[in-house]
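Quick heads-up: structures coming right below.
Heads up, the next two complexes both have chain A, just with different partners, chain B and then chain C.
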Partner chain A sequence: MTDLVVPFLDSPFMQRALVAGCLVAIVAAAIGTFVVLRGLSFIGDALAHGVLPGVASAMILGLPSLLGAAAGAAVMVAGVSLVTRRSRLSGDTAIGLLFAGMLALGVVVISRSGSFSGDLTRILFGDVLGVSWGDIRLQGAVATVVVGLTAVCVRPFMLLSVDPDGAEAMGFSASRYHALMLALIAVTVVLSFQSVGTMLVFGMIVAPAASAALVVHRIGSMIALAGVLGCLSVWWGLAASYRYDLAAGASIVLVQVLVFFVILVATMLPRRRVAPR
Partner chain B sequence: MNAVETRGLAVGWGRHRVLDGLDVALPRGASLALVGTNGSGKSTLLRTIAGLLPPMAGTVSVLGGAPGAQPARVAYLGQFHPQGFVLPLRTRDVVAMGRYPARRLWGRLGRDDRRLVGEAMDRMRITSLARRPLRDLSGGQQQRVYLAQALAWRADLVLLDEPAAGLDVAAVELLARAVDEEVARGAAVVVATHDMRDALAADFAMLLAGRVVAYGPSADAVTDANIRLTFGLAGSDAVPDVALEIDPHHGHHDHPHSH
Partner chain C sequence: MGVANQAGQMIMILVMRYPAFRTPARLVAVAVAAALLTVLAACGGDDGGAATGRPTVVVTTSPLGALVRDLVGDTADVEVLIPNDLDPHDFQPSVKDAERLARADLIVSNGAELETGLEGAIAQARRDGVPTFVMAAHVPLRSGPESGHDGEEGHDGEEGHEHGASDPHIWLDPVLMARGMAALAPVIEAKLSVDLRDRPAQQRARLAELNARLQKAAAQIPAARRKLVTGHDSLGYFARRYGFEVVGAVIPSLSSQAEPSAAQVGGVVATIRREKVPAIFSETGTPRAVAEAISSDSGAKVVDLTTHSVADDGSYYTTMENLMTTIADNLRDGG
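Moving on to the complex of A and B:
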């Protein structure tokens, strides 16, 4: 138990990592819930990788990496909609194509810089222990906007998960809210990559929401439970990484995925029958 | 003012015209059955009236406005529902979505809304399922839930695309009664169906087979000859089969086909 608490008591960088990680977990819970319900995992994952060349270019040009990440996400979304609209190829082909292309472009850009492997590792796997209070303030502001927008749009987002035609008939433009949802996923990715990196950010978005989907029957409860599971995973993951000297971001995502499988196995166990009243 | 009025309407999707030259006039407080085989264009027409597809030619007026302009007044129940294997929604939540068009993005669902939701669930006899997750229900039960959602809408025009799909005999009765009640309170109802009994029960019928075979008061439009043209059946002995058809998805093998 002390291993779970002590690391945070006297290490400021661990405290900052915990706060930053929990912020990401909360945003990821809100947006991840709809990613899971709508089956947008693949495009979300692609977005996460699309960020890579943006961040790499920004680093080389000496610009803020958040700016580069946002540009990368925008190119990815535009590319996917261009390919799906202008060709007969399906969405996942377009996504896969751009996914690989953007990843390759990112690596190519980074290979031009001096410190290839260090930069690449930092972008791919994040640097949650190096987060500053300034980063956290910015993340907090963005997180508030994302969670707020999600709360306002919860009805159309729910309707989109059930039936896009139904949403349209009910007066909520399916294309507009779909675009907004993609934008929110992109912002969440950009917000989170600093903490867990572009390779793992999608685990943060999908794993807690998927775990929650296994056990609850309401969307509000799903978001809440995903947030709780996400924050717990951040806490345990960081503690484990401190205790056993493991990569912090990867430890967090590993805990989240483990939590998912523990819950999955638990729900597969035969249930005791409740006696009829 | 008619609930639905079209002039020279052509409907379709992409470059594909499914139906052409439609002149529909459906008054309020009346029902219209769109009858035809799969692919005859009834869903396409319904979706055009709902504002989900743009008209390819001609004009459509829905409750005096453009299609899709008044979502709170036009209920639409489509044919395809998600399997909902992960959707964490309770039955009651799905029915309550029928109030979103009136309450928009952010309006609170108040006492009136809860009453309408409760009534709609009573009418489809799903009140006992209110707290059950949608994903635990059978296909037919889910169809009742979506029908209740359309009723909770309390729209002035109700568009139902094959609403009887998957329903058991008791639920088909509930559906017929619900349609009568909607018409009785002054709403117009359009039902896409391939069950001739629905066509006979409606005030108006439009028989479709890639073109309008017949359109008018159902007693005039639904004749043996028109049914034969609509369903492309040559042998006259096939007609009684069609007239009695309950649900072609499940009922086909009950028919004594003579090949």
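Moving on to the complex of A and C:
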């Protein structure tokens, strides 16, 4: 039990990692719930990888990596909507094209750059143990905006998830809210990649929301439960990284996915017991 | 041209199968795109290299490249494969790099799993008959730090040789390098058919002088302050030669590519505080943010150290002296 608390008491870097991780978990819960409900996982995952060339270029040019990530996400979204609108190809194909292209561009940029601090492993897996209070303040500000916007748009988002035609009929522009949702996913990815990297950030978005969706059905409770599960996973993941000497970012995401499967199994059990009756 | 034929057939199949491609305008677009890509791929085909008529030695890393250049003088051309500012642990070769390896008269690599990304391309060149010289095979290697290293005593002693990986950072010890270069000189003369005359002896003398200067500089640092915290475990040979103790690393691994765990970072912070180490020496490939976090929690400052590349003048000797000066300056006045 002490292993869950002690590492955080006298290590400031653990406290910063916990706060930064929980901020990501809260934002991821708000956005992730809609990603899970609307089946937007593929575009979300693609966004997470699409930021790679942006981040790499920003590091080489000496610009803030957040800026590069934002540019990468914008190119990704613009590219996907261009392909889907200007060809008869499905959205899936468009996403796959952009996803692979952006990932490859990122690897090419990194392979020929001489950046002192920018390298592929860091971008892919993040530096949750290297978060500074300055990073956290910025993350906090962005998190507030994202959560606030989600709260304001919760009704149209909800309608969009369950009944897009109904949403249109009620006067909400489905395409506008779809674009807003994509933008919010992009912001969440950009916000989170510094802590857990572009490879793992999507686990943060999907896993707690999916876990919550197994248990509760109202959107508000899903977001709340996803947030709680996400924060607990950050806590347990960091503690496990400390106790068992594991890579920190990966531990967090691993715990989140484990939590999902534990809940999945747990929801299966009662049914078995009930069946023979 | 088989490729061109295949491409032509592919286009024909596309045109016949998919109505969209039958419209002439689209067909033209496809053809233009194909032509553009071909031109792009063919661009930059001729690289400067060679043409001097001298044999070419391709060396993987810049520190080894500097030493080989120093050894061969104008008897051969020396090409360094991994750009000076890149992390050799992380380097992936391009097709052009593979071609340079295949055309070399001799390949000199560091080995001991330093250039993991290059191993395939070097093995291919070796199969094609290019002679190779692996430096790590000619010097005694030390094994890496104990895995599960948590900064709790147990340094020194070197008794734990059972641990697998060998430390590849041999170029950071001039005495080892004197040995390795002595083994390389006859190979160069045999494989390139050149006469190095008294160059090997001169280089041995220069390396011995360098070692003497470094010994002297290290002696200026009080013994109690000769404690190193590095980006990854890169200074093992250097520390052993000049009486330092490596007490911790941002990434306690022989490669810069490992991921730090919370336990490791916590261990390094604790070690720095306990041992009152004034500086964290950050290297190519060190996660800057983690180094800064350890710095802010432990009070030690982050100092950039050139360990995997060479100084601006391209000299191995300058590089090693700069390395010692940076370390000495930051350990002497800190603490």
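Methods note: the second predicted complex is superposed on the first by the 264 of 277 C-alpha atoms of A that agree within 3 Å, B and C clash if a C-alpha of one lies under 4 Å from a C-alpha of the other, contacts with A are read in each partner's own complex, and residues count from 1 in each chain.
Assume a contact is a pair of C-beta atoms (placed from the backbone, for glycine too) under 8 Å apart; a residue touches a chain by one contact, two chains touch by 3 or more.
Fair warning: this is a prediction, and the values are worked out from it, not measured in the lab.
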**Asked** Would chain B and chain C fit next to each other on chain A once aligned, or clash?
**Response** fit
**Complete:** Apex chain A angle, CA centroids, chain B to chain C, rounded to a multiple of 10 degrees, is 150
**Item:** Contacts of A:Tyr242 with chain B and chain C, given as first, second, both or neither
**Value:** second
**Request:** Would you check which partner chain A:Ala169 touches, where first means chain B only, second means chain C only, and both and neither mean what they say?
**Result:** first
**Asked** In the superposed arrangement, does A:Gly134 touch chain B (first), chain C (second), both or neither?
**Response** neither
**Request:** Answer with first, second, both or neither: which of chain B and chain C does A:Gly62 touch in the superposed model?
**Result:** neither
**Request:** Check the residue A:Ser111 against both partner chains and state whether it touches chain B (first), chain C (second), both, or neither.
**Result:** second
**Prompt:** Does chain B (first) or chain C (second) touch A:Phe125, or do both, or does neither?
**Reply:** second
**Message:** Looking only at contacts as defined up top, I'd like to know whether chain B or chain C touches more of chain A.
**Reply:** C
**Superposed arrangement (fit on chain A Cα atoms) - minimum chain B/chain C Cα distance in Å** = 18
**Fill in**
Residue set of chain B touching chain A in the complex reads 47, 50-52, 68, 71-72, 74-76, 78, 80-82, 84, 86-90, 93-94, 97, 100-101, 104-106, 133
**Fill in**
Interface with chain C, chain A side, in the complex: residues 7, 11-14, 16-17, 111-112, 114, 116-117, 119-122, 125, 127, 129-132, 194, 238-239, 241-251
**Prompt:** How about chain C: which of its residues touch chain A in the complex?
**Reply:** 83-87, 90, 92, 94, 148, 150, 256-257, 259-266, 269, 284-294, 296-297, 304
**Item:** chain B-facing residues of chain A, complex
**Value:** 36-37, 152-153, 155-156, 158-159, 161-163, 165-166, 168-172, 212-213, 216-219, 221-222
